[in-house]
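Common to both upcoming complexes is chain A, partnered first by chain B, then by chain C.
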Partner chain A sequence: MSVAALVTIALLALVAIFAPLLVDWLSLSAIDPDREHGLNQYGVPVAPSAQFWLGTDFVGRDVLSRILLGARNTFFIAIVSALAAILIGTCIGVIAGLYGGIVDTIFAAIIDFVIALPFLVVAMAVVVIHGASVGVLMLTIIVFSWSTVARMVRSLVLTIREMDYIKATKTLGATDLRIVVRHILPNIAGPVLTYGSLLIPQIIVMEASLSFLGLGIQPPNPTWGGMIAENQGNYAIAWWSIFFPGVALLISTLSFNLLGDGLRDAMTPGTRLRGRTRAERRSR
Partner chain B sequence: MSRNEIALSAEAVSKRYRTRGKSLTAVDNVDLTLRSGETLGIVGESGCGKSTLAKMLVGLESPDDGEVRIEGKTMARGVRRFMATSRKVQMVFQDPYTSLDPRLTAGQIVREPFEIHRGVLPKAQREKRVAELFERVGLSPDHRNRYPAEFSGGQRQRIGIARALALQPKVIVCDEPVAALDVSVQAQVINLLAELQRDLGISYVFIAHDLSVMRQIANRIAVMYLGSIVESGPVDRVFDYPLHPYTQGLIDAVPVPDPEKAADRSSTLLGDVPSPLRLPSGCRFHTRCPIAEPSCSEQIPQLVPHRHEEHLVACEVVTGATSN
Partner chain C sequence: MLRYFVRRAGASLLVLFLVSIAVFSLFFAGAPSSIAMRFAGEGATRETVALVEQNLGLDRPLPVQYLDWVGGLLSLDFGVSFRTQEPVFESIVSRLPATASLALGAILIAVLVAVPLGSMAARKPGSLLDRTVSILAISGLSAPTFLIGLGLFYVLFYQLNRLGLPSFPSGGYVPIHESPLQWFLHMLLPWFTVALVNIGVYARFVRSTMIDTLRTDFVWFARAKGMSERRILGRLALKPSLAPLITLVGLDIGGLLGGTIITEQIWGIPGVGSYAVTGVLNGDLNVVMGTVMFAAVFIVVMNLVVDVAYALIDPRVRLR
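And then the complex of A and B:
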């Protein structure tokens, strides 16, 4: 199951990377309205056909071409934001967990504060103040994503730092940096990677929600959430214009979730031998 | 190195922990000396402060009062103290399943001391030295690329010993090194430790609750009860002529593997260890002591020699009865 998810993600990533080429090859309008070809004589979007495989949207643009371009935006935002959130969350979680005391209390308070904030309300306020742009969108997503990573990393570090192998390394004269890089990070990498792959679909949905509300990437540049938003008035006569972006969202979030589950299952039994894990992966 | 040189000593060390406003005295005013090349055993029930004492001896905890001296020099305090102590004192831990990093190979674990102390050995010689250490502790050097999970408990403990040996310390503090192992494996690990002592002249502080293990390896032992030493002396003397009623209780509690011999349960320890949060007044043991007198709850007994210059006991009743 998780292998299928991994293959799907790889395909989606290829699509995202080569989207402009594919769109050129389709040579249908993706950004500019095309009322001449994309709408019939009554101004109704064209249904899926030999020319427009997934139909057209409310101004006659090709839905497939826009989904391809949207994949690029969506994946870029999701992956970069997830990496940034994991990086920040891991740093803060490690510092809070390792040093404890007042440092931990302060960081724990900040983490709880961020987790308690209502995402959409704050995101809308930020966009109203700073205007909508990719940068502001990603920054908002990162601010809301690092805290859960930090909380998880903190609790992992609290467990690991009490392990005898950390004490043994200390008595050998190791610096804190060495203990973190050599012993703590490798031991939390599994859960953090797993969480990261579960964070990506969350961010895809966050981005879709914000774009749906007009707070994300600005039209005519496509994102999946934005496509659903701009076509929602037409769903009764052109279901395809919101159905297919929805399917794209579903497939990608589902794949990342399944991959995350698979990673978690592969990493949870801590005592499992590495060789055997590899062999199992091969046989699956 | 002469046998009378003092490798490690603790002078009046105390350690207190605060929990919810209460103060818990884990180790109370303990004096200890470890001579070069000898094994000093520390016995006592769970929670008597053995492990806290061990942590103070290697510097993982700083004493609240008193000081630990390595070869006569006071152990430094502060973040970088281990840079100096690590080449003199090392530790072998109780649980071989948490004392090795599961993400490193056995070879990487044993090589780490050389990576921290870069000056000890040039890079080119490290791998060879790691292989030697593996052989020294009875492991095949070919197993260096395996992960800890691929070894048995006894083999893991050998890896831990190899890591402790890497920097050629004078003293190794063993905190219940065989308690987590099967009986047959215990003997192998103890034989290995004895062999290393013979060949390398290492001194051990050996902590255990198993008295039969103690008799095999220790030269001198100290018996701890609720953070204090109640009796200490040469191991045979303490086992054959136990003075303190607590020591007698511990020795009588050891099962005798002879069905013909009726177990003498007259001095079996009764009751539970009092909470270290509320230590009994006077002698800590008077609440469970079969020979306690009213005065025992008033005065804290001092550790004094009795009948033998090296056999010390902290019991007013024992020392008082014979001096009268």
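And then the complex of A and C:
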């Protein structure tokens, strides 16, 4: 299962990277409406056919081309935000766990505070106040994602720090930096990697939900959530323009979740699925 | 126990204080002039904007505005909506029954389905049922709520209606005191929109805690004494396996009560979430800040309730 998921992710990544080339090769309208070919004489979107493999959307754009370009946007946002969230979360988690005391108390309060913020309302408000741009979108997602990483890393560091070999290294005169780089980071790499592959689908869902509410990447630039939102009213006459972006979205999130589950099972047999509670279902 | 409670309650207050500062600086201090400009309308003169600023009290020093705002929050005065002039707190409270019906009903359904499902899966790990549970859990996590909602709408409303089987209402909300039956029918699809995400997750959670419980000595002892497998699963092992679920369910309820935005949006339910969306889209600051604070209070309070409930159940927690 996990191997299949990994292969799917690799394929999706290739699609995302080469999306513009693929769209050129299809040479159909992805951004500009094509009312002549993309809509029939009544102005109704064209169903999947030899020309438009997955049909067209409400203004006559090719759904497949838009899904391909959407993959690029979705993957870029998800992967960059996840990396940033993991980097920030790991740094803060290591500092809080290693030094303890007042530093730890402060960081713990900040983590609790981020978790107490309702994601969608705050994200919507931020986007409305500061305008919808990729940067604002990613920043909002990162602010809401690092806290769970930090919480997990902190608790891992708390146990590792008490290990005898760490005390031994300390006695031998190792600096904090050396302990972190040589001993702590390699020890937490596995769980962090696992969490990362579970964080990516969460971010994809967050981004799609914001796009669905019309607050993500602005049209005509396509995202999957946005495509579903803009074709929502056409469910009776053009199901394909909602169905296929939905399928693309589900395939991606499923693959990452399956990969994450596989990684977790491989690394920690008999885990209890703790820590994956509220944060991952925020975007309701 | 009291000490533990006081400590946790203090921490919760601190978190709420941080949230209030963040919300205030993010929404208010961030862009006061643009707020006044939005209210004055496009093409307003500088004098009009200044007048609006004065009317809304936006020209006062920020700390004064903050204290004024927090003071209002504490006396349950969230200000009035800039757009409709209705008090925000009253509007939120009047919309709470819709959101509460949705949140509590959905969680109830999820728990009622997930607990038996998870327990049965735990009995035979690796069985067909067990694999179904884990597929359900992963699909629930992978599918955005709006996709589930649209899918339910398309299949259970649109297709059934097209076949001439008028079944479910397409959306909207009927208060329970007006017509319990209509309330139930209107809530059914929204409930499942939320519950479908949670069923798999809860079931998988119950499964894993149940597997742990089934390995404990007291279960083996009961088995050795001849207790039936059914009674073990249904009674003996159920209680200790459900305790950790309280955390999950409590936090979810807290999050949902603050507004089930997407579900309310799809099914046209006039709840707290749709109020927040209108506020955001209208740039109605008091509404946005009010709904965010309201949601944050629910999340923090449920966090506290869950911690305290857990400490009551498991005394070891108090000593940590």
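What we mean here is this: the second predicted complex is superposed on the first by the 268 of 284 C-alpha atoms of A that agree within 3 Å, B and C clash if a C-alpha of one lies under 4 Å from a C-alpha of the other, contacts with A are read in each partner's own complex, and residues count from 1 in each chain.
Assume a contact is a pair of C-beta atoms (placed from the backbone, for glycine too) under 8 Å apart; a residue touches a chain by one contact, two chains touch by 3 or more.
Quick caveat: nothing in here was measured; it's all calculated off a predicted structure.
More chain A residues lie in contact with C than with the other chain of the pair chain B and chain C. Once chain A of one complex is fitted onto chain A of the other, the partner contacts of A:253 are limited to chain C, with no touch recorded for chain B.
By the touch criterion stated above, A:170 is placed in contact with chain B alone, chain C being left untouched. In the superposition on chain A, A:178 makes contact with chain B only, while chain C stays out of contact range. Counting contacts as defined above, chain A residues 271-273 meet chain B in one complex and chain C in the other. Of all residues in chain A, those touching chain B in their complex are 163-165, 167-174, 178, 182-183, 186-187, 270-274.
Across the interface of their complex, chain A is touched by residues 58-60, 80, 82-83, 85-86, 89-91, 93-95, 98-104, 112-113, 116-117, 147, 149-150, 160, 163, 167 of chain B.
Within the complex formed with chain A, the residues of chain C that make contact are 11, 14-16, 18-19, 22-23, 26-27, 30-31, 34, 134, 138-139, 141-147, 150-151, 153-154, 158, 194, 197-198, 201, 204-205, 208-209, 212, 247-248, 251-252, 255-256, 258-263, 265, 273, 276-277, 280-281, 283, 288, 291-292, 295-296, 299-300, 303.
The touching residues of chain A, when paired with chain C in their complex, are 109-110, 112-113, 115-118, 120-122, 124-126, 128-130, 201, 205, 208-209, 212-213, 225, 228-229, 232, 235-236, 239, 242, 246, 249-250, 253-254, 257-258, 261, 271-273, 277-278, 280-284.
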